[in-house]
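Every chain is named by a letter (A, B, C and D) in the order it is written, and numbering of its residues begins at 1.
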């Protein structure tokens, strides 16, 4: 066994079934720019899973591209987008949102979530400032589910945030780069699923499902790149006011793929049998298995593991040992508990790999 | 035989060998964002073909994305980019360049080319205007090879344009979405090729080769999407002043693919045996075959066929007949010669398809 | 008498009465950013002259600033603004509109006007293009009254253009840098004026008045810099949908003057007794006087003089003679009739200056 | 005596001598756009005061416009500007910098200053991040002198910051909206001044003079709007690499005033006899007088008064009393010491006004 890669969930190609579908359809001649039967079919699956019969679905290549296109399209020039300080648009997109002309309005957040109360307080302060015309107007809330720290929103948290958005005239946009893992974390698997995994400390009523998300967010995307596809993100626009002309925006930002059918083919294969949910659940289970073992070894964690990301502290000696065998990322926040690191599982992670890792913790 | 697709060269998947390589490498775990061995290897091939040992090579997903990233990165805020009125950035990118803040400075051009003399005259007029500080400053010339009309630059034309760019302090950027067809049009096939196809009316010394292009342009790209790949464009930055920090720009515009290795794998397969040149030559040959047949049938052409695009006039009756059997695009410029239409061939075009089309012209 | 300045209408300070008002109010202490009593009062005059009781009025410093702020605020990211090829935003603002992210969509126009029929044809072509999502969407028509060539719109021309804008969902924006001269050209002076100057070849019903403009345009501005003020343009937003939040946009673009009261004081003085119309009419009369004399001398004109700009052809010998005594601009369009030049009159132009100029034409 | 206005230093017109100069020159006919003799003369004064014989000087209308034009012109697209969290560009310009495409990189700062050590630490962290290409690159440090809190930089502080900027390839830009007050705070008055006011706790060698600022900053501006002018800011570009083409940028952002001579006339009058420094010193003296009186009354201050801004705490009762007689701003930071408020003096503030205010504090 070479180095075990726990760096991220985008270090390998596609789930084999996806690639097989690309091979099977390779000789078809298909209209360009996403106006083909595969895209239509995949969009139909998404509308069905979301319980959103009228939603518009667009397929884009990557997450930063999706974020900048959506935010640039929806905000008015004098508006900014509220984000947690750790939000992807705030930290890891080289100022992509600002390059479209909009300020990212940063709120501190220990778990990477934006709450309704926080949004209320921020907007209250903005509008009660006599000089608020000299300050960027909040126009949207950007959240990730799960957050950059692997935390997940509950249904009541998201409902409360929606309430705040309605009160202050804000769009609610969810970055779903790892949405599958967030859905699986809440125990939701697929429409027909009867048995739901019980998450400790969460009431079943608090599970956030795809229909909940579709009902509560104006716009969100279902990330494929990090969950089984070669590449691809499916954007769902539920707010009718935001649907017209999105293809113009996508083209303008370089996001309208010439061979758009490649996205349709992949998403169709990913969705039609619920593979999307299966792959995410599988990765989450591996992370749970890993976490369970580490707990036995007395390891300290930055946050409770809920999805496919495990955040833990290690001491210097262990760090060196791990670095010889595993590829992973160091995280910010060194403290007396040790150096924080992140392990990310994927559909490809095996029980053998988990056991090998646990072996390095003397288990 | 169903409808024959002569609409464009991006209506099918990839050349089988490309797909096979993606399958063969699918289980590899690879660093993200283009910092992997496949990208390095493919970049090496490109430097070798270009005779440009120091050039920077970056892999991007699509043409509009490449254009907007390069132009946005290189120009200063008060500068604009010179383009033929028919240039892709001027007509078919939904204002992507303007969205980065830059004006497209339009020059009329019957064949879609920008000449050195035209550039001299434009800049002369700009700088001799007493109020030129009130006018967008030209900062770059954008050209396509071949042009939107299928015309190709000769070596002396491009050299003369370079001279004008040097005189006026302009970058020269070549959009190579269909570069392979342009290279094959000039009779250039691959480095080791001894027999060059003779192009009527062109001196061998006028052939524009990849090393010529690399030497004469500051930046250009080698298009893969329209010549055998699932997707991908390889950007070559030859001017040393423009090399630093390009990855920042790509990330900011949403162009840094998470699984960048997919681009490296594909370009490696496309380049290592000269497949890129073979596929383009094959498509050009099909277009030449088609053109020859149509000439016998007395058809009138908009421009001489030099690459994989055939532009011809048809009358109303023929148009209806063709529309029943073939998918193709109507072109602008209806006149007494008839309705202009475009047939595009690709590596997938067969002699049988050409014969079937010619049959519709009573040949 | 030194050199006579016929270069432009912004080469001197303010009409004395304006300056006196600034002196008289200098010691007042006044709230900043245009929220003072002078601005309110001036806005009231404008609403009354326009017959637009609900219009929003904002005071800005200059024309380019006003144009870029309005166009940047109103268009959606994928939209562009239609302009005549000679429009100020297309030629003399260093790409200010493009710097806000929007393409200027150029229509050829011999007289600098955009017609309704032209707009219909352009939009018809745009929306009938199967690939129109790849093309900048027209979102606004930008016109100047008078145009850069000194031409004026008639009431029926502007009504017809409004019709086209309604049909295609376009905003209509009028740049009124020299609006006073345009209004005076149509014989309109002030609300209480009974005697209107008759313009040859124009029916009285064709006179375009301020209430007409307010009723037909979504947004327009009343230029002060070129008609009596030190500086200042008054923007009138009549379309209710466009009124909210404009002050945010102005602040963001650097257009919200700290001492905004300076604009209010000046416009109040300019408007309350109809001075604005008197100054423009005076300048137009001087241009008419000059034109009449030149006609007697057999001079050829580029366009009929209707406002304070006189466009004429002169031969080489006359040109040299004039350049010794007068400051003026050469214009584009050299031909067998001679070199085109422009004389601009203002409220400061005297009959003696006109006579001195005519003397150089041997009259 | 009506309400005493201590709201800000831009609530009245101009110092009478400035207005007189505008009257005296009103009938001159002058070239537009700042290319006149007054601007040249005023620029000469500035170069002389700065000891910067080669610096470029440009005159702009307002502070936000100056900031957005400079920052937009100097940064590359992937770069951001470092600012204190309380910096004007970060808080009170409605996202003007972001609208030019650049992120404002916020550093916390209790006194509104950015230190060299802080800059080193921030850049060190940026460049040691393996993924720094996914993060906005720092390209400039923006500071204000005095800061938003009325603090001033010492010579060694600014020298140390320059050192950090040199180390990390950053431009240093100083917003001088209230520069005069900052210069006077350090005891610097004018070139010929022999007696310098001694500031408690500051060594003479620590005084920051105009030549120091010109030598240490790449670009800065000398604010006129808040120190005697109707309006106007004088931008000084000392770094030779940044001088070319600035007028293009100014025009593009709407900052090239048609009657630019109005700025030249005002600055000439403000500078030629050192009036600029006298007015600022006068205002600072009034603030010092006010502070001295308030100290006797046992009032608590947010920061030591060094310029024309006095930040103090008041209790509820006093607040009500003051609000009946004085116009002033509430400041952020309510605490057990009371409600923070700000009094701003100007050249127009009289000893009688100071005494009247102190009377409200029972002195």
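Criterion: a residue touches a chain if its C-beta (ideal position, glycine included) is under 8 Å from a C-beta of that chain, and two chains touch if they have at least 3 such contacts.
All figures in this text were calculated on a predicted structure; none of them were measured in a lab.
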What chains touch subunit A and also subunit C? B, D
Which pair wins on C-beta contacts, B-D or C-D? C-D
Hey, which chain ends up farthest from subunit D, C-alpha centres compared? B
Using Cα averages as centroids, what's the distance between subunit A and subunit D in whole Å? 44
Using the average of all C-alpha atoms in each chain as its centre, how far is it in Å between subunit B and subunit D? 51
Rounded to the nearest Å, the gap between Cα centres of subunit C and subunit D is 35
Listed in rising order, subunit B residues that touch 2 or more other chains are 77-78, 93-95, 99-101, 133-134, 137, 248, 251-252, 256
Mind pulling up the subunit A residues that touch subunit B in the complex? 5, 7-8, 10-14, 16, 19, 22-23, 25-32, 61-69, 93-96, 99-100, 225-226, 230-231, 248, 251-259, 262, 327, 348
Subunit A - residues contacting subunit C, complex: 33, 72-73, 76-78, 100-101, 133-134, 137, 245, 247-249, 251-252, 256
List of subunit D residues in touch with subunit A within their complex: 77-78, 80, 91-95, 98-104, 106, 131, 133-137
